[in-house]
Amino acid sequence: MLGYTITQWLFGILSFMAIMFALMVVFTRNPVNSVLYLVLTFFCIAGHYLLLNAQFLAVVHIAVYAGAIMVLFLFVIMLMNLNQDAEPQKTVASKLISGIIGGLLLIVMVAALRGTQGSELVQTGASEIGLVKNLGKVLFHEYLFPFEIVSVLLLSALVGAIMIGKKEIK
Amino acid sequence: MIKLTALIPLFPLLGFLINGFFGKKMSKGLSGTIASVCILASFIVSAMVFVDLQSSTQKSHIINLFSWINSDTLTIPFAFLVDPLSAVFLLIITGIGFLIHVYSTGYMHDDEGFARFFTYLNLFVFFMLLLVLGNNYLIMFVGWEGVGLCSYLLIGFWFKNTAFNDAARKAFVMNRIGDLGFLLGIILIFVTFGSISFNEVFQKAGTVSTPVITSIALLLFIGAMGKSAQIPLYTWLPDAMAGPTPVSALIHAATMVTAGIYMVVRSNVFYSISEVASETVGVVGVATALFAATIGLFQNDIKKILAYSTVSQLGLMFLGLGVGAYSSAVFHVTTHAFFKALLFLGAGSVIHAMGGEQDIRKMGGLSGKIKITFITMLLGTIAISGIPPFSGFFSKDEILAHTYEHSKVLWLLGMIASMLTAFYMFRLLFLTFFGKFRGTHEQEHHLHESPSSMTVPLIVLAILSVIGGALGFPEFWHMPNWMAHHLDPIIVRKDPSMLSHETEWMLMGLAVAGALAMIWFTYQLFIKNRVLPAEKEAQLKPWQRLIYNKYYVDELYDAVIRKPLDFMSTVFHKFFDLQVIDGIVNGVGASVRMIGASVRYFQTGNIGFYVMSMSMGVVLIILLTFLIK
Amino acid sequence: MLTVLLVIFPLLAALLVFFTRGNTSRNIAFGFSLVEFVISLVALFQYKHNPASGLLDCNRVWVEALGIHFSLGIDGLSMLMVLLTGFLVPLIILTSFKSTYTNAHSFYGLILLMQMALMGVFVANDGFLFYVFWELALIPVYFICLMWGGENRGQITFKFFVYTLFGSLFMLIGLIYLYNHTNVEGLKSWAVQDLYNAGRSLAENQQSAVFWLIFIAFAIKMPVFPFHTWQPDTYVNAPTQGTMLLSGIMLKMGTFGLIKWLLPVVPLGLEKWGCTAIVLSVTGIIYASIIAISQKDFKRLIAYSSIAHVGLISAGIFSANQQGLQGAIMQMLAHGVNVVGLFFIADILMRHTGTREIDKLGGIRSMNGNFAVLFLIILLGSVALPLTNGFVGEFLLINGVYQYSAVIAAFAGLTVILGAVYMLRSYQKIMLGDRNDSNMAFGPLASSDKTVLIIICITVIAFGVYPKPLNDIAEQSAKQILMNLR
Amino acid sequence: MKGLLIISGLGILAMLAEIFKFKKLLLPLILLGIVAAYAFNFMEWRTGMSISYFDNMIAFDKPAIAFSGIIIATAFFWFILANDYFEDDSNLVDHFALVLFALVGALMLTAFKNMTTLFLGIEIMSIPLYVLAASKKKDFKSNEAGFKYLIMGSFASGFLLFGIALVYGATGSFDLMKIRMFITEHRDQLPAFFNVGVILMMAAMCFKVSAAPFHFWAPDVYEGSPTLITALMSTVVKTAAFAAFMRLFLVGFGAMNDLWAGALAMIIALSLIIANFSAAMQSSVKRMLAYSSISHAAFMLMVILANLRSNISVDAIIYYSLAYSVGSISAFGILYYVSKNGNENFDAFNGLGKRNPLLALCMTVAMLSLAGIPITAGFFAKYFVFTTMIGTPYKWLLILAILTSAVGVYYYLKVIIAMYFNKADSTNAVPVEKLGSLVIVLTTIITVLMGIAPGAIAGLFEF
Amino acid sequence: MLNGISINMYLMLSTIIFIIGAIGVMARRNTIILFMCIELMLNAVNLLLVAFSTLHGDASGQVFVFFIMAVAAAEVAVGLAILSMIYRNVKSIDSDLLGNLKN
């Protein structure tokens, strides 16, 4: 259709939606809504993963982000019942400035990235690299040390969260 | 005997040390005696040295003591030079010095600083001897500055009186101005000749281009100006009269102030090579002579008058030097030493008698009361006025004769100066000793002749100033001009007088006539119609007032030098140093604070802002690295 | 070995003194400083009679990797400086006998530490070592001024510290720059001779850069106009002994540095910028002397006069000829002694009358004649009257400058006049005349004070009349320096 | 490597301590463990060859060992200081566990050979610190500090990751060596976004070492956090971050230096100016030290900049970080004791010279060392920087460094002046707990020793 | 089945999302939303990594994504903990209130 392959159509639509939802995340006043938009953005990104043959990753992505992290967010929001629109906003000026700076960043980076050998296509050949088996091999072979050490990370996060979270014992 | 020259300065030094360390504990008589004896001893030694020198054929002897300053090519030994010139000065210094010491034992008798006085006096003689004995310019400079110091100490002898201290300081500083010139001269000599000891320098003098010689001579002459109180550096001498009278007699009349002449004669080689220099010397000399003489006319302080007369006499001597009459100048130095010392001591005795009064308007009719003083002073006055056959006549005439031969104008001016001398000296004499007493009553019955310790020196000096002329009879009298012959070895350019005898006689006649006329005029003025100097300045005519105030030269210097200096000092300190330079330094500190404050301002504490600036930073870095190149 | 002793001994002494208390620490410190003086005399003896003996040199590796050696050595110049330091420090300690300080032990300890650093500066033969000692010297005196100083010592000492440190950082850069250009069979070296060679190998513009980098440090230390503004305040505010250390010895670090660490390193830079330096120095002479005329506080007056003297010294150094250098060396010695004497007199005045205000004082001579005489002698020394130690140096200096340029010399010579002006003026106002307020009394001097003053006066006159012993050494070392310059 | 394992083991142990009730024993055990770790570390040093583990995820070569040595030693001192800090605190073990985990991260950073380990190292080091910074629950300042640190830290790591992604995209690998090889081989056909990646990573690393304009978090976080945590940040964390920075840019992107050197120079200049000038304005010593840490960061960056040319500067930077760590450990330790009453401003030091001469002396030495005055460690540190810089084209930076360090002297002296010159408002002595004073004295001695015999350290490393 | 999407597309896309996230961090005051924006940024990175890994046919890119996820989770956990603590203290999560430490 219109000289575009289906993939490209999908890519286009997904990208468009992703960007839209991302913008909504930033610009909706109500936190709850932006959480939901964020979830939608994640879905779009998951779609991209699928598009890129990273099936397992896509699943994990949904599970971790949409399933866990976002719920956590929602939970906190509800805990502090912030679900009203009347939350303090930054002044228009500072918003404007941040917009400008963001724009600058965008322009500069895009300008810098432009020089790439543009038509280099994303290979679709080795389509099995995204599969669990394959990833597992890599993960537990080359990336064993990081994998193990992440435990320390999570442990410390755990400890930290508890330490912060728990009431002072008087 | 000449080997013992080192003893000559040693004795006064000894006296200085003894009096300096133990003076307080000793009785006045003892310390006075020690001081005088030391001088006497060195007088005897110098006399012997003198005799030896006369007898020996070799006319210059160098006595090496120790090497003082070495800097590879520059080697300065601490060495003495004995030759006719220094010999003469040795005699003058020690001889007159001794007399004045004796005199002082009487004059200073009631002063609590008695020992101190003799300490200084001895120290002075020591330095003066160094000055004339030195074998090179630097030793001369040592003595030069040393006598300056002593004159400082002695002028400010009564240190409780601020005016005296100011006078002392003035003297020292003005001398220092001269000394700087002298010092630079010495350095230039070293740079030119690679040595500063007299003989070597004078031998090489011919080999150097005249401009250099001129500059050397002029620099040296600046030194002479300071020390011998020539225009423009003369103003300190009159003020120096603040010191005790013997000091004025010894330092500011007989010896120290003639150091300039000594120095010029010593380096006559340069002056005879460089026309410019000698001209300058002559002109400055005659100018000073006239100038000082005119000021002398209206002074009322007995010592001030003498001071100005000294200045003018020194001017005459420099005139002589300027016209190349070196021996005559030295001759005049000698005679002047006799009669000026005499006059000062006489004045001292008068003041002594008047109980410290120095204003001649308060005196009068003393001739009867203090005879010896009167007679001696009379003789002295006649001598200085140049009446034959007194000493002053011969020396002055010799100078004037040479001047006439050299240039008529200078001669005329010199002539006028010497006539004026006659006027103010006799004015002094008449007002002091004739007429009736104008002082207070207690002064009147306090009047008394001074003790013999004071009168004896007066008499001796009087005799000397009468017969002193014998040292140098004019050539054409076919009598030996001893001084000229004596100084012959050290003077390079001799110009035997070309004048015909008639002219010489004529000049003499004129001089004597002028002097006599002046005396007669003065007599008319002050004896016949009893004119008295004005009590108040207001009564004077404007031109008289101008002279009376010494042409306001002091005020001028004050306005031109001292005040600006103080002003600059304050400005430099308060404004330039504290505001500008230190301001810049502190400004740096201030700017640190300023920048700090402004930088600090960005640390707003707002996360949003921080994040923004971080992203901005990223933007800038990327721009910096890519889009720039 | 002897040199090492010279440096180490004061350090040990200081450490010992830190553990004592009160007057004992004072006396002990005095004793140690005397011993140190004796050591320096021994060194002098060695230097005079068998300079070849290894006793005077020492060279150990300090930091192998960086070519830094702990290398000390004594040549004529440093010999004299060592002598000066060894001679002055006991005097300085002796001056403090009549004034009591809190925490005396740290006070005297710091003084000895200071001595250690100064000795080090003077005998260091290794550029890096020199720099280290140079900085070290700053710290004790900083604390002396900070803890025992006058009114607003806080920011003044602070200014002094930062200013001088700032300068010396530049010097560090300059030295490192030289170091990077050294090449002793492939290795870099800090040895003084190698640094000389390195400096000479540089091109003219490089040399000028190095010249300024190093000159700034010394100029601030001495100080040369217009880097002098820290000095008067610091001198006035520091405790007397601190001032003496600063002006008597530390100041010489600057001039010493010029001679040993600047002139031979950058001959071309010297040719290019020496004139500027001289002009600055001479400006300083006149400027400071004129300012001194109107000073009210006697201590401040001396401070300015010292600027003037130092200006003459550095002018002589930069004229870079026999007379100039020799004169500089002699004047460094003379100035060291005289200025200590003068500051001590200021201190005595302060103690007896409670003020240093020249106008408030007066008539002291009639109350204490001996003091007046001693004062006068020291004063004459500082106005460089012949037969005082000041004269030899000054004559040679003006002589040297004259050979560089007659005009500049004439200006430099003004110090002869101006010096007399302000010194005599202050002397008259302080000592002569009649006392201002009748109740002001001035008792006889304490024996310790008298001793110090008499010793100083003796040196003033002795080395004025017979400077030969020192002068010969100075002459030799000046010759050597010139040899290095060519 | 063993050291790293031991430390992480210690972390776990610490958590067990709560359960099995040997809190009292914990600290000694930890110290023992650290000593053991140091010993192993040292042995690895002696054996000398660099061993890489887990196909090149992490490798302990000599610099790595040196840095980790510094870190472990600092940690040792820190724990001794900390012993009375937490004794009233119920979360003792949590604190210790977190600190130990942070140490694990730091050690990883010294030795990473792969972007993964770099990233994980940074996070493992940071996350516990976020918590520790916020660990004074009731103190709002502390909360704020923790939160700021967290937000900006994650923001920065966002940039880091983006950079990594781009680099990965360009070179197709996360392995440092592979990347280096790739760069050297196809230098010319590198896509432009590789450069962007490098720049973004540099920005992120600059954030970690708190160089302007990414320094904003540092003063606030340093001030807000509990003093000892600040000490930890300014020593261990900084050292680790620098080790990482060096490895990343000299080993990884060394070949690309023309790309990033200019930007780095700018960053250094900016940091020097901002840090010193704002430090001069501070009234709180803690904050002043924070700014001073920024300026020291700038100095160390200079070494990295210079390292492109000269070779001695690896030990230069190691020496520098050691000198700095030792100095600031004692400084913060003293500050911790002096500010027990909550006053962290300069006037807290008033009259310390009288109230506690020992502390005052140590503080003086520390300050002089930080100011870089002989004969202290700091002087040689600065000296090395100068020597390395003077060969480079960045001489203007050198001059700037001098100007600013003169300013630096100003604020360090302010402390000394306060101690010896200002009158104390409270004359009561400053109590110091024995072990604490032991640490302080030890660090002081080390500082001086390093100043007198730098060869002992500087000579150690021949790479 | 799919083919032909140039890597530039992915670059652009992830850059855009990344920067949207960044803008969010700058522009919003609600701290929770700040976290979300950071998540957004991380996801952009993930996307890019996956794209590259497919481009190079190399799994390590995707593996890296796992680590990023883990870290993200950890950060969020800690962050929210701190946040709740702050909320406990001041009953607000307005980031502009966290401005007491400054200058």
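All chains are identified by letter, namely A, B, C, D and E, in their written order; residue positions are counted from 1 within each chain.
Simple rule for what comes next: a contact is a pair of C-beta atoms (placed from the backbone, for glycine too) under 8 Å apart; a residue touches a chain by one contact, two chains touch by 3 or more.
Quick caveat: nothing in here was measured; it's all calculated off a predicted structure.
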{"item": "Shared interface partners, meaning chains that touch chain A and chain C", "value": "B, D"}
{"item": "Neighbouring chains common to chain D and chain E, by label", "value": "A, B"}
{"item": "Most remote chain, CA-based centroid, reference being chain B", "value": "A"}
{"item": "Two chains sharing the most C-beta contacts", "value": "A-E"}
{"item": "Identity of the most central chain, Cα criterion", "value": "C"}
{"item": "Separation of chain B from chain D, taking each centre as the mean of its C-alpha atoms, in whole Å", "value": "78"}
{"item": "Whole-Å gap between the CA centroids of chain A and chain E", "value": "6"}
{"item": "Averaged-CA centre spacing for the pair chain C and chain B, given as whole angstrom", "value": "38"}
{"item": "Geometric centre distance via CA averages, chain D-chain C, whole Å", "value": "43"}
{"item": "Residues within chain B bordering two or more other chains", "value": "589, 600, 603, 605, 607-608, 611-612, 615-616, 618, 622, 626"}
{"item": "Per-residue multi-chain contacts in chain D, two or more chains", "value": "116, 120, 123, 127, 130-131, 134, 137-138, 148, 151, 155, 192-193, 195-196, 219-220, 278, 281, 410"}
{"item": "Set of chain A residues in contact with two or more other chains", "value": "90, 94, 98, 101-102, 105, 109, 112-113, 116, 142-143, 146, 150, 153, 156-157, 160-161, 164"}
{"item": "Touching pairs - complete list by chain label", "value": "A-B, A-D, A-E, B-C, B-D, B-E, C-D, D-E"}
{"item": "Interfacial residue positions of chain B with respect to chain D in the complex", "value": "589, 592-593, 595-597, 599-600, 602-603, 605, 607, 610-611, 613-614, 616-618, 620-622, 624-626"}
{"item": "Contacting residues of chain C [partner chain B, same complex]", "value": "159, 163, 226, 228-230, 287, 290-295, 322-323, 326-327, 363, 365-366, 380, 385-387, 392, 395-396, 398-399, 402-403, 406, 409-410, 413-414, 416-417, 420-421, 424-425, 428, 431-434, 466-468, 471-472, 475, 478-479"}
{"item": "Interfacial residue positions of chain D with respect to chain A in the complex", "value": "8, 11-12, 15, 53-55, 57-58, 90-91, 94-95, 97-98, 101-102, 104-105, 108, 114, 116-117, 120, 123-124, 127-128, 130-131, 134-135, 137-138, 191-193, 195-196"}
{"item": "Residues on chain D engaged by chain B in the complex (per definition of touch)", "value": "148, 151-152, 155-156, 159, 192, 195-196, 199-200, 202-203, 207, 212-214, 216-217, 219-220, 259-260, 262-263, 266-267, 273-274, 277-281, 407, 410"}
{"item": "Chain A-touching residues of chain E, taken from the complex the two chains share", "value": "1-13, 15-17, 19-24, 26-30, 32-33, 35-37, 39-40, 43, 46-47, 50-51, 53-60, 62-63, 65-67, 69-78, 80-85, 87, 93-94, 96"}
